[in-house]
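Submitted below is the structure of interest, expressed as structure tokens.
Order of writing sets the chain letters: A, B, C and D. Residues in each chain are counted from 1.
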Amino acid sequence: MNITLQLFGRFREFADGPELRLELPGVTTAAEFRAAFEAWARTHWPDAATALLQASAIATETTLLHARSPLPADGRLALLPPVSGG
Amino acid sequence: MNITLQLFGRFREFADGPELRLELPGVTTAAEFRAAFEAWARTHWPDAATALLQASAIATETTLLHARSPLPADGRLALLPPVSGG
Amino acid sequence: MNLAREERIACRVVDIADAPLDPLDAIAFVSDDAFGGIDVFIGRVRTRSLGRQCVGIHYDMFDPLALAVFRRAAEASIEAHDPQARCYIAHAKGKLAVGDLAVVVAFASAHRDAAFRGCRQAIEAVKYQAPIWKQEHFTDGSTAWSEGTPLVAADAGAGADGA
Amino acid sequence: MNLAREERIACRVVDIADAPLDPLDAIAFVSDDAFGGIDVFIGRVRTRSLGRQCVGIHYDMFDPLALAVFRRAAEASIEAHDPQARCYIAHAKGKLAVGDLAVVVAFASAHRDAAFRGCRQAIEAVKYQAPIWKQEHFTDGSTAWSEGTPLVAADAGAGADGA
């Protein structure tokens, strides 16, 4: 599946732009995306980023995804590290 | 003692002006004032006012008086019915 | 930032004939670059009271004692929730219409929990301890003084004029 | 006064480059002649954080989800504290300086207890559930993203996409 992953907060420091485009074959749920993306991150990002990934959520524009949530048809996801608003 | 008693809230309806001037001989504490004033009120005010008096406090400009508090030298007191600010 | 406590407290009685209460005045007073949280409570005259339609409220007040009570309320709230906090208490008097602001309390602290608790404690003291009386004016032309809460002098043991 | 719930909720994301947050906008939105109590919480950028001197905070935000979270927070707060209440939630984004307002939450109800509780519940949701990230800028030129709180999806049983 073609994924567009928006990056926020500290993740912005690990990429050149505000989003990543990834081709991840066979990925249909949030849990599958997470496993595939963690594998990608281990080869492209420093250890600090993969550690932060463990504490991060996967979301669409309207909701956080559960492990078994299907990915949206447009492949647009957001990677949300621990939050600190207010 | 010459007392000037400021009236507030519902007590304003029982008098012609915002304060009463009373000559109450032998009164030196808040408790003595209260007893003497209740006697005065029973002859000058309706029953509703004497009932309200039971639930009211006696104060100066800076503090509420306890039963045994001495009256201020200037004889200026305020009669405070139950409050409802805010 | 290192002001003495009395400089971190503002208390006002405002005659509605002179000016309305101003929440921005409250926010400006309690703001401090050391503080992250400000809580503001605003009491506003509403249309219904005791199940009847209200056109306004006349607030009567014993000004000097009210100001003394506001100050003691602010001091107690600061003492209880953050000794470095700032507190503002203002109450209107006179004939207020529906929608007019009757009271504005603001409390600011480094942290929001203290801001909420401090503001709440201060408004409760204003409602139950300040010499202020509410006369409601109803649409049918009648009026009624609120039942209210009897004032009770603080524990005699705490006062110089006690036993 | 008898507006549907969605009309009694206002949620805003404001880019500091466009405008500052405005507490009077919050107060005006939640005001209603049926309500006697308004509680407003204001979060303001402060000078110290983690024991270091701060010159400002950069807030990053995932706007569409933040707005959805604000709305759900307001709905939950109204549901919990007064089904007739009004709630306003606004958060700034961009590079804020010390003293700038980061968040304004207002909750109004017929009674003050609901106003305080509703406002508190809403700001807690904003802090722990909204996709917003704080990067602190210190006087020595260094920066740090706040540790923060991990987001957790609501109970799967409650969602259509659960088990």
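Criterion: a residue touches a chain if its C-beta (ideal position, glycine included) is under 8 Å from a C-beta of that chain, and two chains touch if they have at least 3 such contacts.
Remember, it's a predicted structure, so these values are computed and weren't measured experimentally.
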Leaving out chain D, the still-touching groups: A | B, C
Touching chain B and also chain C, the following chains: none
Chain separated most widely from chain C, comparing mean CA positions: A
Distance between the centres, which are taken as Cα means, of chain B and chain A, whole angstrom: 73
Gap in Å, rounded to a whole number, between the CA centres of chain D and chain B: 50
For chain C paired with chain D, centre-to-centre distance based on mean C-alpha positions, whole Å: 25
Chain A residues counted as touching two or more neighbouring chains: 86
Shared-contact residues (touching 2 or more other chains) in chain C: 43, 112, 123
Chain pairs in mutual contact under the definition given at the outset: A-D, B-C, C-D
Sites on chain D touched by chain C in the complex: 23-24, 27, 31, 33-48, 98-99, 110, 112, 115-116, 119-120, 123
Chain D-touching residues of chain A, taken from the complex the two chains share: 6, 8-10, 12, 55-57, 59-66, 68-70, 78, 80-86
Chain D residues within the chain A interface of the complex: 43, 59-62, 64-66, 68, 91, 102-103, 123, 126-135, 145-154, 156, 159, 161-163
